[in-house]
Every structure is written in structure tokens, then in C-alpha cells.
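Each chain carries a letter (A, B and C) given by its place in the written order, and its residues are counted from 1.
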Amino acid sequence: MSDPVLPVVIIGGGGHASVLVDILRQQNRDILAVISPDPIDSRSVFNGILHLLSDDDIHQFETNAVRLINGIGMLPGNTIRKHVANKFEAMGYRFDSVIASSAIVSPFAQLADGVQLFPGSIVQAGSQLGTHSIVNSAALIEHDCVLGNFNHVAPRATLCGQVECHDSVFIGAGATVIQSISIGTGAIIGAGAAVTKDLSVGHICLPAQSVQQSIEPKVMP
Amino acid sequence: MSDPVLPVVIIGGGGHASVLVDILRQQNRDILAVISPDPIDSRSVFNGILHLLSDDDIHQFETNAVRLINGIGMLPGNTIRKHVANKFEAMGYRFDSVIASSAIVSPFAQLADGVQLFPGSIVQAGSQLGTHSIVNSAALIEHDCVLGNFNHVAPRATLCGQVECHDSVFIGAGATVIQSISIGTGAIIGAGAAVTKDLSVGHICLPAQSVQQSIEPKVMP
Amino acid sequence: MSDPVLPVVIIGGGGHASVLVDILRQQNRDILAVISPDPIDSRSVFNGILHLLSDDDIHQFETNAVRLINGIGMLPGNTIRKHVANKFEAMGYRFDSVIASSAIVSPFAQLADGVQLFPGSIVQAGSQLGTHSIVNSAALIEHDCVLGNFNHVAPRATLCGQVECHDSVFIGAGATVIQSISIGTGAIIGAGAAVTKDLSVGHICLPAQSVQQSIEPKVMP
């Protein structure tokens, strides 16, 4: 990226935003403000950062003088992250990618603007990640995967080689997708699922159910 | 930690202790002795370290001149780790935390004394870990988790954001706990389980069973 | 390793080889050629490296002037990796190990020639890995494991402490094997399986099946 490093404004003030701010602080990025309608002072990582309450407050920053960080997480069925991206981009603002210093990223991977790679994540050679996609903490994208826009690969999820995900796919925490699988737009993979067959648009893959029971004496005396 | 770095004595000489000693050697910590009633010479990582056989041998070290390292692991239903901690603390000794150099720890996380973070583990912003809790190799504690005392998060287990674990919780290897789950005191999560509902005191969560069978010719010619 | 660092020739030009070349480039290793009967130009990581088509092309390099890298991956039931190793070793060539700079390897682990440790993998104290075994990306080998020759521990798989794998074992992506388990020669563990019992020669362990279904409106509005 030959672009100059600009100061940033964070959109959102919840848990997802808190990890991003933690990453950016460690990289000594200049964080001008967090925009969130909700209080942010319960998380110390936000201490000392200007808190703005309304999306319209963005207008105090010139579009070319700042970059935005999309601090809205993505859970299944929640499209706020995408709406936020569209809204601010329509105003002329641009989103920066965030790549944790501990992420392992092949120089032969291609990352679109706005991609977020969290601590301990890995992206291997030949993979392509679409705009605003999240590779959460310790998640793994093996070689030659192609991910669309607005994907969320949740913490510790694994995509083996040559997996293809279309747009707005959600891969749950700890899930495993074997090599060469294709996943349709908007599809959802539950936490801990092992995916061994293609998954179509509008489908969900649920893991086999864990079972809860009382602990027997032999297990826990 | 403004405390001076003191030499350490390891309590226990098994597999858990061996990983701790490996970490501490790489950090050039001064290891005075390993206390274990069992032989330790099958593991080369202990080579050259004084081997003491009895817990009472600790008295040759002044309480303020050393720190202890709790080298007893924790499996479900096994409370030796806690008894060891209580016994030596009652004598006036203090336990040091051990944080592997390869662990990724947010400066906005809070770690009590005696916490152990193993190689490749991750602890994110806003999380709090109680005393003597273990975050084993490559385990992941996401943002805003609260763990009690004497938890063991086994290798590669994942706690998503805002998970709450009370005391003496055991999270099995490779298990996944989704966000905002609460886990009661002494509860056990089996290896590989995906936890999507709160787990009460005195309960266990078992993963769906894997199945073993003969390999068919088409799979393995 | 007191051996001099020799230039290398890669045998194979697919996805497995591409990750190896990526690792070796980052370590500034001199890569003389990729030998593969198939085209390799779809992967940019191979750009600028001499492409040879036939195994016999190896003879343009003296056996003592190069080291080979086994770029053939290993899937269940596929023995090409082993045949390649045997063929070139019979000609007098030797294979180098490949250890990614981001791998975490205990100095108290023992690695045979030809072992491959991929990015983010971890091998703990007291473990022994047999020749040509692969510890793929982010896979974890805990303390005191003993792995035979030609094992493949797929991406993000976890072996807890003191697991024993005989030769040609395949551990699927994201699988978890609890402590002190024994796995017979040629056995296969499916992606995402949790292994809590010994697995015999000629057996496979399949994970409980994930289920695919249409997304209900309440999940994805």
C-alpha cells in the first residue's frame, strides 16, 4: 500500500471494535474518535479516545483526511456491518484494512480494502479475500481460498485449501471446512461444525449436538 | 509487574511441568529445582536441574527468595493442582505466572498471580483470568471473557467473546464455547465439544461421538 | 544441523508445494527448480522459478549439490508422497526439512530429516517426529508425542500430550486427539473428529455428522 497512513475513526464501540482498537494502538495508529450511540467506557481499551455519538459526527473529518475502521462485528443474520460500510462509502469515506502484527499473511495472498485479520490469524499463498471480510482471531485460511465480500470467519475457524466462499458467508468459531468446498452467498456454518459437502445459498450447516448431563461420581469425585 | 525477577522452584515433574520449564529456560529464568516424588530423567528438558523428592524440601529456600511454579496439570476431577497451591501458599510462598514468549496477550487483559499462558495462546482485550488458571497451548480467550480461579483451558480450546467461567472449570482440548455463555463452578467440557448453551455447576458437556470403523477399500486402497 | 545450507529442488507443484515455496522464499533459500508434470503458472508463488517436467530432470543436479523438498501433499489413501521419497532417496538424493519461521518448536523436540512444519504449527518438548511427516498450518503437537514416518497432521489438528502415531497416519483438519491415545499404522482420522479411544491399524475415526438444512427466517431475515 503506497497510500499514506492516515489517522482513523472507528465506527462502533463494542467487542469487535475493542479488539481492533487494541491492534491499532499496538501499531501506534492515530485514533481520532470512536463513533457509537452506546457508552464505551466499560472497556478500558477505549480510554482517552474521543467518543462521538452520531454517525453524522463523521462530517467533522474531511473524507481525504481520515480512514474509517469498520468496528461492527457480524453475527448470522445481522447486516449492520454491511449497511455501515455502504453508508459511509456513499459519503465518500474509505475504510482501511486492519492486519494484526501477529497475523501470518503470505505475500502471495490478495486482500481487498477493509479486510480485517485478527491476532494469530493465518492467510496462505494464493488466497483472495473480498472487501470488509473478517478473519477473526486464530482463524486459518489455507492456500488458494477465494472469499467474497463481507465474510466473517469466526475465531479459530479453519478453511482448508481451495475453499470458495461467496459473499456474506458466516463460518462459526472453531468450524472446519475441508479442501475444495464451495459455500453459497449468505450461508451459515455453526460453531464447531465440520463441513465436508458443498453448502448452497440460503443454507446452514449445524454441528452434531453436544450433550449436557450431570457429572457422574466416577468423573468428578 | 514491578516485583524483582526471582529464581524459581518447579512443583511437579510431569508433562505439564516440562512445558513450563521449556518456556522458562527460553526466558533465561533461573530454575533452582524441580520437586517431584517421581523420576524426572526421562524428559531431557529437566537435564541439569536439581531434583528434590519431597515437598518439605522447599524449606531450604526462603519464602522471599524464590517464587514457585505450579507444575501440576489439571484433568477433570483432579484437584491436586489446587491442593498444591493452597499448601505452599499457606507456608508463605508465592507462585509466579508463566507467560510464554509466543503467547499473544492484550495489554488490556488482566491476569491474576499464578496464571499460565502456554505457547501460541491468545488472550484478548478486556478479559480477566483468575489465579492459577491455565490457558494451554494455542488456546484462545476472546475479548471480555471472565475466568475464575483454577480454570484449565486445554490445548486449542476456544472461548468466544464475553464467556464467563466460574472456578475450577475444565474446557477440553479443541472445544469451542460461543459468545456470552456462562459455565458453572467445576463444570467440565469434553474435548472437541461445541458449547452453545449455558452449563450449570456440576454438569458436563460431551461432544457428539466420533465413530470408529474399518477402512473401506475405496477410502484406502 | 551442522550441514551446509544447499540450494533446493521442489518435487511437486500443487497447493502443498506452493506453501513450502512460500516458506522457503521468506527464508531466502535458493530454489533451483520445481519438478512437476503439470502447469504451475496459475500460482504466482512459483513465478521466476525454473519449471522442469520430468522426475528424470533431477539428474542435472549432483546428489550432493542440492537438497530436495517433498512438495507432494498427503490425503487419505494417497501414497504418492511416500513413493516420491523412496524413489529419489534410492537415487542418492536427500530431502531437507522445512520449518516455517512462524512455527513454534521446542528445542527439546526431535525432528527427523524431511519433516515439514507449516506456518503457525507448534511442536512441544519431548515430542519425536518421523521422517517426511507433515505438521500442517496451525497444527499442534503437544509434549511427549511420538509420530512415525509419513504422518500428516492436517491444518489445525491437535494432538494432546503423549499421543503415539505409527507410520502413515492421517489426522484430519481441526481434529482433536486427547492425551495418551495410540493410533495404528495407516489409520485415518476425519476432519473435526474428537478421538478419545485408541484407533487400530486399518481403521478410520469419523466425526459425528454435521447437518445441512435451509435457513429459517428467524435465523436469517
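What we mean here is this: contacts are C-beta pairs under 8 Å (C-beta built on N, C-alpha and C of every residue); 3 or more make two chains touch, one makes a residue touch a chain.
The UniProt protein names, listed by chain, are A, B, C = Shikimate dehydrogenase.
This structure is a prediction, so every number in the text was calculated from the model and none was measured.
Student: Could the interface between the copies chain A (Shikimate dehydrogenase) and chain B (Shikimate dehydrogenase) be described as same, meaning over half of its residue numbers are common to both, or is it different?
Tutor: different
Student: Roughly how far apart in rotation are chain B (Shikimate dehydrogenase) and chain C (Shikimate dehydrogenase) when fitted on CA atoms, stated in degrees to the nearest 5?
Tutor: A turn of 120 degrees brings the C-alpha atoms of chain B (Shikimate dehydrogenase) onto chain C (Shikimate dehydrogenase).
Student: Please work out the Cα centroid separation of chain A (Shikimate dehydrogenase) and chain B (Shikimate dehydrogenase), and write it as a whole number of Å.
Tutor: 29
Student: Using the touch rule from the top of the page, what residues of chain B (Shikimate dehydrogenase) touch 2 or more other chains?
Tutor: Within chain B (Shikimate dehydrogenase), residues 120, 138, 156, 174, 190, 192-193, 207-208 contact more than one other chain.
Student: Per the contact definition, I'd like the list of chain A (Shikimate dehydrogenase) residues that touch chain C (Shikimate dehydrogenase) in the complex.
Tutor: 76-77, 104, 106-108, 120, 122, 124-126, 138, 140, 142-144, 156, 158, 160-162, 174-176, 178-179, 186-188, 190, 192-197, 199, 202-208
Student: Show which residues of chain A (Shikimate dehydrogenase) lie in contact with chain B (Shikimate dehydrogenase) when the two form their complex.
Tutor: 15, 18-19, 21-22, 26, 43-45, 102, 119-120, 137-138, 154-156, 172-174, 190-193, 207-215, 219-221
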